[in-house]
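Below is the structure I would like to discuss, written out as structure tokens.
The chains carry the letters A, B and C, assigned in the order they are written, with residues numbered from 1 in each.
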Amino acid sequence: MTDDIRLCRTFQTAPAAVPKDDSAKYLRSGLEAEGFQAPDWLVPDMEDGTAPNMKDEGLENTIELVPEYDFPGEIWPRVEWSYEDASFRDRGREQIDQLVGEIGDELDGVVVPKVGRVEDVKRAAEVVAEAEAEHGYADGSIKLSIIIETGRARSDLREIAKFGEESRLTALVFGPVDYAAELGARDLGDGRPRWDGLLEALSNEASAGGLLSIGGPFDDLFKERAGLTYYNADAYADQVEHEAHLGLDGSWSLYPKQTIQANTVHMPTPEELERDVSKIERFNEAKAEGTGAVTLDGQMVDEATFKVFRNTILQVRAIDDTRPEQTEEYYDADLLERARTLELSYQ
Amino acid sequence: MTDDIRLCRTFQTAPAAVPKDDSAKYLRSGLEAEGFQAPDWLVPDMEDGTAPNMKDEGLENTIELVPEYDFPGEIWPRVEWSYEDASFRDRGREQIDQLVGEIGDELDGVVVPKVGRVEDVKRAAEVVAEAEAEHGYADGSIKLSIIIETGRARSDLREIAKFGEESRLTALVFGPVDYAAELGARDLGDGRPRWDGLLEALSNEASAGGLLSIGGPFDDLFKERAGLTYYNADAYADQVEHEAHLGLDGSWSLYPKQTIQANTVHMPTPEELERDVSKIERFNEAKAEGTGAVTLDGQMVDEATFKVFRNTILQVRAIDDTRPEQTEEYYDADLLERARTLELSYQ
Amino acid sequence: MTDDIRLCRTFQTAPAAVPKDDSAKYLRSGLEAEGFQAPDWLVPDMEDGTAPNMKDEGLENTIELVPEYDFPGEIWPRVEWSYEDASFRDRGREQIDQLVGEIGDELDGVVVPKVGRVEDVKRAAEVVAEAEAEHGYADGSIKLSIIIETGRARSDLREIAKFGEESRLTALVFGPVDYAAELGARDLGDGRPRWDGLLEALSNEASAGGLLSIGGPFDDLFKERAGLTYYNADAYADQVEHEAHLGLDGSWSLYPKQTIQANTVHMPTPEELERDVSKIERFNEAKAEGTGAVTLDGQMVDEATFKVFRNTILQVRAIDDTRPEQTEEYYDADLLERARTLELSYQ
């Protein structure tokens, strides 16, 4: 019953290789994360997060490490790509081919950055389809997510999301750094623009196309004040809450503490869960009495309304399936049990 | 001369039936409203405003009461619909058919909620066309307005408004509650988003397509502070003024006091009327002198500029035609008389 | 090497004729401006800036004066036009024909206001093409810029910019006054809306289509406070900085002091220039050592990244070519010399 909820509260990128004794240090740490530090999606990053001379090693680390762990979330490597440079697309094609060939069973999909107009997104989807076919995977078994970080992709956002309705395209992720550079946005002391028009459109088009929408990374990890350097928790929480407010499904995390915050903000609060569990319990009781249409608090519970309540429970169950330590820590045991056992059919 | 101005300062919904001794209490009160409490459009609501077990009674109330009154504004019943559920569309079709069949002469149009992409809007327009044909009304005599409250309708807003240029589609009305639910927007303590990107687009596309644009309902009717509960006048005025600022033509009202406020904000101020009456008076004098192009305050008055001034007067005349008690209360008698008698032809 | 940077930090309109002893006073003053008061684009305005009875004289002034000066920037007369009035388009066609016929060698392009949907923009482009052909200029030698100031143009912005990718269309300029009037936006005491959704879209679509994006005019030139009337420098700087922040390429100027400010904000700061010159210097050194991919500050310098650094230098060189007095005043002599002589090839 939970299969129609795709969870991506946290899109955590981890450099696939870094110049340290253990070049897979951050990748390993993402795969081993526990509790609220464990992201829904772990994104081994072979693109901007990994230095050019370590990209091969990053690919090897990913192929070697991912199967070693029984990671309960989803695995989505980010490969190289560029709508304006064929050599990047060639490297992306090779990376996708190797990943699918070597660890296709472990992958949920691949993340393709710097896409251009919808034709370029279709080209990326085709590359995944070819790798699937080449290595004997069923059509559509390996999904695709893209980073929206060019003027062309933003311009074609509606068309891209419509393509997503009937394709392997799964998530639209914002990439503010490249986006600002491409538009020539200037930091005149107040940082980058927040691009609220883009965020609204991202939330809307993803929703209209049945896709996930994910905010961009926040890289001011630390803050110095009054002689102390400390984790910049407030500023990241502000960004994540703004994204949730606009209806984005998840946020980008660069760091375990960010993962804790994004996981928390993007799950139903205990109050929301209590409210919706109780609504469905009352709906079920009224339905059992069998007097036709069910009315709650003066409003008929039609299928659309019911779906809104049910989504809260389905999302909690999806988290509970993959990360029970999070649901058990966050919700009261009784409430969680009610959410787990609730009958959820409208008919 | 006022026929090219369609007035909808206030889109007031009234539940078509409520569980009270007089189930038509609110509908009757809307039909009887006087002075500034009288809305431009009265919307007998058979959708979310009426409980499921009272919908038939709501339809009967509407059919019975509307002909009893000589309501000077427009009558626009809201029926049921859903882009994603055929049973709602079937009910909507029956409601439209009955309304047109029984009181087609009294209707200006119908309001259809929860539309999806432009194809769904065309489907709703077709349903109205069928009812017209079935009951012998001229093609296009019953108009259509829609609530923009799904990701799909927002995504297709430009295409929907272009369809409106050459169809019975008349107004685009924002529906923030369902919209926020569909996008998964979260209230984390600051209420719902204001969706400024959507409001800008609504104003623009309606203008480009020659349609009316109407803001969404504001349901925090009352406020409690310092031991007192009172009508939340400031917050509603802020919303209505924000909508007028962005060029929306009218606002949604749920309550007579809201109607007073929306009617007032969306009519030209006395200063605006004085300014534009005086400009046209001076234009007419200069034209009478017959020395070619007319210049006012250093600017040539071309047809486009003239239209802007004239619109102010046409709007006041339209209000004056339907609600003379409002214009007489709001404007100085001399000024109103000048507006009533002004010659308005450019040639 | 600088030919792929088109500079338009300042789009300065000057009335082509005014009712003074020297009717070309403002046009002459724009052509003679020096230092930071000299705009990148000078726009002799035969549309709203020139009174109706002086438009012929404005055209004569432009034809007479422009060849007299060796203006180092670009010359872009604004002609008359309207998507909804053929008589304006006829006048625009005549003005374009005369300008191209008489001073085609001096023109970089023409500015066409009040365009509607993309078909109307194509019609304007066709008019320029006809004038070119008629007077023996190569196809595409006279460019076109348009003012985005109608609901239809805003609605078709994406399609217009896509047309711009492969046509003479060069810049998209915002026109807030007519835009607000067409949408019926009301000034309820806080001025006009800022239209952030439109500005974001303008920046994005121009970037996606390889066009320039220019903000709208600011006409509160002077401010009165505490008994003194003075130039409203802060408010204009706020607007220009907001435009630069969102990635617009330039700003509209109505006045020499505005030109100083817009020229300054839209050029790289000394810190930006120092940073990017130094990056390319280090890139060139590393390339000379010849050890494959070049890494700076832990990031591989790919062609896209290199382009970002290079753009800063190209922009400074473009300013330096046309307005050396500005670069010499703004940058340290050593830094400017490094920027002038830097090797800029990626290969």
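Note that in this section contacts are C-beta pairs under 8 Å (C-beta built on N, C-alpha and C of every residue); 3 or more make two chains touch, one makes a residue touch a chain.
Keep in mind it's a predicted model, so treat the numbers as computed, not measured.
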{"item": "Rotation in the CA alignment of subunit A with subunit C, degrees, nearest 5", "value": "120"}
{"item": "Classification of the subunit A:subunit B interface as same or different, half of numbers criterion", "value": "different"}
{"item": "Centroid spacing, where centroids are CA-atom means, of subunit A and subunit B in whole angstrom", "value": "40"}
{"item": "Shared-contact residues (touching 2 or more other chains) in subunit A", "value": "196-197"}
{"item": "Of all residues in subunit B, those that touch subunit C in their complex", "value": "158, 161-162, 196-197, 200-201, 203-205, 207-208, 241, 244-247, 249, 265, 292-293, 295, 298-300, 302-304, 308, 311"}
{"item": "Of all residues in subunit C, those that touch subunit B in their complex", "value": "48, 51-53, 82, 84-85, 88, 114, 117, 150-152, 154-155, 180-188, 190, 193, 195-198"}
